[in-house]
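Same chain, two partners: chain A is paired with chain B first, then with chain C.
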Partner chain A sequence: MSALMNNKMAKIVFYAAILALGIFLPIWFPNYIGQLTVMWLMVIFALTWDILGGQMGYNSLGNIFFFGVGMYTTAMVQVGMFYDLAEYTSPAGGEIYTFNLTQYFSGMAVGYLVAGLICVVFAVVLGRLMFGLRGPYFAIGTLALATVVGELVSTWELVGGGSGMSMPNFPGEPAVSKAMFYAMMFALAIVTFLFLRWLYGTHFGLAINAIRDDEEKAEGMGIHTLRYKTVAWSIAAFFLGVAGAIYGNFNNFFEPIEVAFPTTTFGIFMVLMVLLGGKGTLWGPVIGAILFHIIKEVTWTYLLGWQWVALGLLIIITVVYFQQGIMGWLMDKKPTWFGIRVEGEKQRLGDMQ
Partner chain B sequence: MWDNIKILIDAPLFTLDMVINGLLIGAVFALIAYGLALVWGVMNVKNLAQGDFVILGAYVAWTLFNWGIHPFFGVPVAFGVLWVLGWIVYKTVVYRVIEHDLFTSLLATFGVAIVLQQSMNLIFGSDEQTVSLGMESMSFFDNVVTIQPTRLIAFFAAILLAIAVITFMKRSRMGQAIRATSQNPRSARVMGIDTEKVYAFTYSLNAAICGAAGALVAVIWEFQPYIGLIFSIRSFVIVTAAGLGNLPGVIAAGLGMGVLEQTGAFVLGTQFQQAIVVGMLLVVLLVKLILASRHRQVVEQ
Partner chain C sequence: MSHESIIEVENITKTFGGVVANKNVSLKVKKGGITGLIGPNGSGKTTLFNSIVGYHPIDGGSIRFMDKEISTYRVQEIARLGLLRTFQQTRIYGKMNCVENMLISIPLRKAGFLDMFAARDKEILERADRLLEFVGLYEKRWLRAGDLSFGQQKLLEFAMALMNEPTVLMLDEPTAGINPTLINGLIDRLKRANEEFGITLFVIEHNMRVIMNLAEHIYCLAHGKMLADGKPEEIQNDQRVIDAYLGAH
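The block that comes next holds the complex of A and B.
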């Protein structure tokens, strides 16, 4: 890949190929457009998890919190802009609420923006509390956060409680809405990727890597660690919030525990995908997410109910036996692909000692 | 909510009922948390499969009950079955993650938890089950204070088990080896202790304790495959609040957890019960954090 990566022309071809795949896959396989949308969602999950988990060394099990917050925020905005939210969600009301084209799209635009911003606010506020927790405590603390919020939302009557909420109906052909949400999710995945690619090359990327390697020393070197950690989490929160908002519209209906705050499905998938692909790398999460999603979609239906057991086994195998992930494994086997110079005998002797 | 608090203040006997029932279930929590503290302290593994071991123990007792065997024989049987399972899990998963960082062990045991949870779901179904002994509940003070005799029995059984385990840890040769390993594994190895064996034994013992506790849970509660995680979180709350190697602390925190959960569920409503348990974890973590930050030397700008 080194020759490939060093060559600017090849690089452009590579990116163009991915872009073309992203555009043409749903056209070639129109029946799988839903699964493809979820695939890009998975890529966003993995990329945003890796900001903290891979680059900063803070393993969060509760990033899914922002996904749910984004989903609920956008739903509340989209409905609340034109109707009374309490009436809309009340189980007694049999009324049908319609949204015309302008209402739908203006609600969506405002809703996504607010969803992203609210998530950033949450990340800043909660970051002050959670980032004092280190190592496994951070993981457990964030897991607890996402779980408790899911439980609380399911008792909140204004947003439909445990039975969830349905989003405004799309005013138009269902096929158009599917294509539109696919395009939005794909675009968001690309924006996330490009943003992170730029981010990891800046001083910021170095700073969060320093936090991962040794937080005390990073602090000693004058890095204001809390500020960096909060900004990193806010970035993850923003993209997750918008992704959650799109997913809410795409799914048309959601309920708190299974869809909006699914700590044991999506919440754990994002960790698994990053570990599978190789954490702390730019491409690792992308490869891991796509691979995981394909494996999952292909095998899921053939496992006849045992798929969740298989998921648990996959977690165990990845964590216990394949810690370095695909990218880590490649770096180990083919270091020259990544521009790492191997100094022949010397290196091997060094390894042996 | 305020009305409910008012009831608690106005009717002290009712409060007493809640406290007693909380203490009775708290003993089972303390037992499970003791197992976690053991594994955490000795081998530095945070076992997220704790609650699923408990639920599996409950299903063992339930299966025996369906075969016509008295559920209190389920306690030793569940102890044995879970011992074997714990040993298998240790040999396949846990021994490979001991040397890794803590998040790895957390995630690996989470994987174990999912496998157990989903297997139980497929084997036993997702319906709520319970083992009913058909005992009349005991009433005091004009039926204000009611105590389920099964809870009382479970309480004493939990205490007996805890005493047995603690005596084992204090007196037996293996118990000494476990404590030595937890203090300093390297020195223990130098002194001729097979630490690998100690780890395997500790993890199996923890699983067995959970299994026995689960057999008690089967008698006093309704259970289904998915409530394992909440038991894991309870034991995390208790151990985090008490600190490692603090046995009286674990017992006190376990009993306190039971009381808080009972009264909290009454004050806020039962739909908040899970949220209360998880919320308590957040509170405990944050309180510890604030306490720790007072001792920190780093001067903030």
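The block that comes next holds the complex of A and C.
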């Protein structure tokens, strides 16, 4: 594996294989295309959670907030561009609203972009408040944020209140729309991964690692800690917002508590997936997300009725006995595979003092 | 006077609840020199350091760095002005290797938004290597900083501070916890940092042999007040200082 990881050619083959799997899996297993879409969503969840939770040492339990904001934002844009939003969501209305292809796709393009950007704005503004909190206080503060906003949106009539909203219907074959949303989610997962891979290789990666290891020291060295924390959260917010926008369309219908701001399901899954795969690593969240999704689907299928018990057990075992995760465990056991040195170099000849 | 002294502390007072940690303390740190600060345990040395670098607000007085009033500045701003401190309890980034610890310690005086996303720079890497060599950690540069011994971590913290190219470096007990055989090497390196890199040093030290060897001018604190100051030999023979250390107060 060491040779494999260090070999550029092997790396290209490895990435190509993942790309090919991403393309061919839904073709080989067309019945599972919805599941596979959610699997890539899980990868995005884990990757974005790890920016703060793993790389920066800030455990956010409220990242799901941006997912919901993205979903609502794109819905409001996609509908609002062509119809009156209040009439569209009015419980009295029995009208059928149709969107032609141009309307559908232009609305979606604008909606996704605005969703991502609104989430960045929220991250910047809320970051000023939230990053005054450290450790467990930050975790509870962000959890409160997501929970409260979910409840607040439930009372907002304009977006359908507690009964939620339907998204514009795709003007075409349902099979085409399924393939399209799969492609979107897969593409977003790839873009998120590549973006983070680049980001962690820059000065930014070092800075957020420094904040994780000793924030006071980082401040003492003059590092703009608040700036880094805000930008890190904004990056997570952007990708989560777009993911939420895609998921809303994929699901066709959403409501605030269970779909848009699900703090007790997706909101916890993202933490668990990262812990399972190994926090603070690039591949850990990806491995954790895919493994978790498989475990979850298998228990839902074969242990129906006991699935939450199985999931609870998985959480307890991971949190209590396996905090370093799969990648963390591998790095501990085989550090040389990852280029981590455990021994100093031999003093070079002629360098003896 | 101000062009000669780079830090001017005037009459600063700092209290924690009812405890007066510093009372009307004044001192000057000479530009380009090595100034020492001594005093018995609990005399307020570290509090004074913390006040100067903006770690906590002061209750009264003035702190000027390069003729600029900095007593209301925050820690990061002061560090970016070129006034840096190391910690008594050594602080490094434990899960990162030594080179990464160095790379994140580059000076940030003019760092803009896009500098956050700068790629690894070859020149910076070379400078990091040179400084690690300077403190004698070159062979261990790829090890995780948290796996180094305490003394090695102190050396790394010193190298990180040099990487930051400070104008003034404030060291809080640089030799505490270091193997006695390594202390001479450290004194030598501190002197070289002062002479070769032109960094003004301001050092808290408990080890009398070290501070008498190192500093040109020494201040002595006791019970939060400035007790005496002068050349090392003057301080060594000052009856008040001797009394303070022997507990005659």
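Quick note on the criterion: the second predicted complex is superposed on the first by the 340 of 353 C-alpha atoms of A that agree within 3 Å, B and C clash if a C-alpha of one lies under 4 Å from a C-alpha of the other, contacts with A are read in each partner's own complex, and residues count from 1 in each chain.
Heads up, the rule we're going with is that a contact is a pair of C-beta atoms (placed from the backbone, for glycine too) under 8 Å apart; a residue touches a chain by one contact, two chains touch by 3 or more.
On a predicted model such as this, the values are computed, not experimentally measured, just so you know.
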{"item": "Touching partner for A:W306 - first (chain B), second (chain C), both, neither", "value": "first"}
{"item": "Contacts of A:M180 with chain B and chain C, given as first, second, both or neither", "value": "neither"}
{"item": "Contacts of A:E219 with chain B and chain C, given as first, second, both or neither", "value": "both"}
{"item": "Touched partner set for A:G201, first chain B, second chain C, both or neither", "value": "second"}
{"item": "Which superposed partner A:N209 touches (first chain B, second chain C, both, neither)", "value": "second"}
{"item": "Touching partner for A:G141 - first (chain B), second (chain C), both, neither", "value": "first"}
{"item": "Touching partner for A:T264 - first (chain B), second (chain C), both, neither", "value": "first"}
{"item": "Contacts of A:L25 with chain B and chain C, given as first, second, both or neither", "value": "neither"}
{"item": "Residues on chain A lying within both footprints (that of chain B and that of chain C)", "value": "219, 224"}
{"item": "Residue ranges of chain B in contact with chain A within the complex", "value": "46, 93, 96-97, 100-108, 110-119, 121-122, 229, 233, 236, 240, 269, 271-272, 274-275, 278-279, 281-282, 285-286, 289, 292-293, 298, 301"}
{"item": "Touching residues on chain A, where the partner in the complex is chain C", "value": "199, 201-204, 206-207, 209-210, 212-214, 216-225, 227-228, 231, 280, 340-347"}
{"item": "Chain C to chain A touching residues, read off their complex", "value": "53, 75-77, 79-80, 84-85, 87, 91-97, 100, 103-105, 107-109, 111, 113, 115-120, 139-140, 142-144, 147, 160, 164"}
{"item": "Residues of chain A that touch chain B when the two form their complex", "value": "59, 129, 132-133, 135-137, 139-141, 144-145, 147-148, 151-152, 154-155, 219, 224, 264, 268, 271, 275, 305-306, 308-309, 311-316, 319-321, 323"}
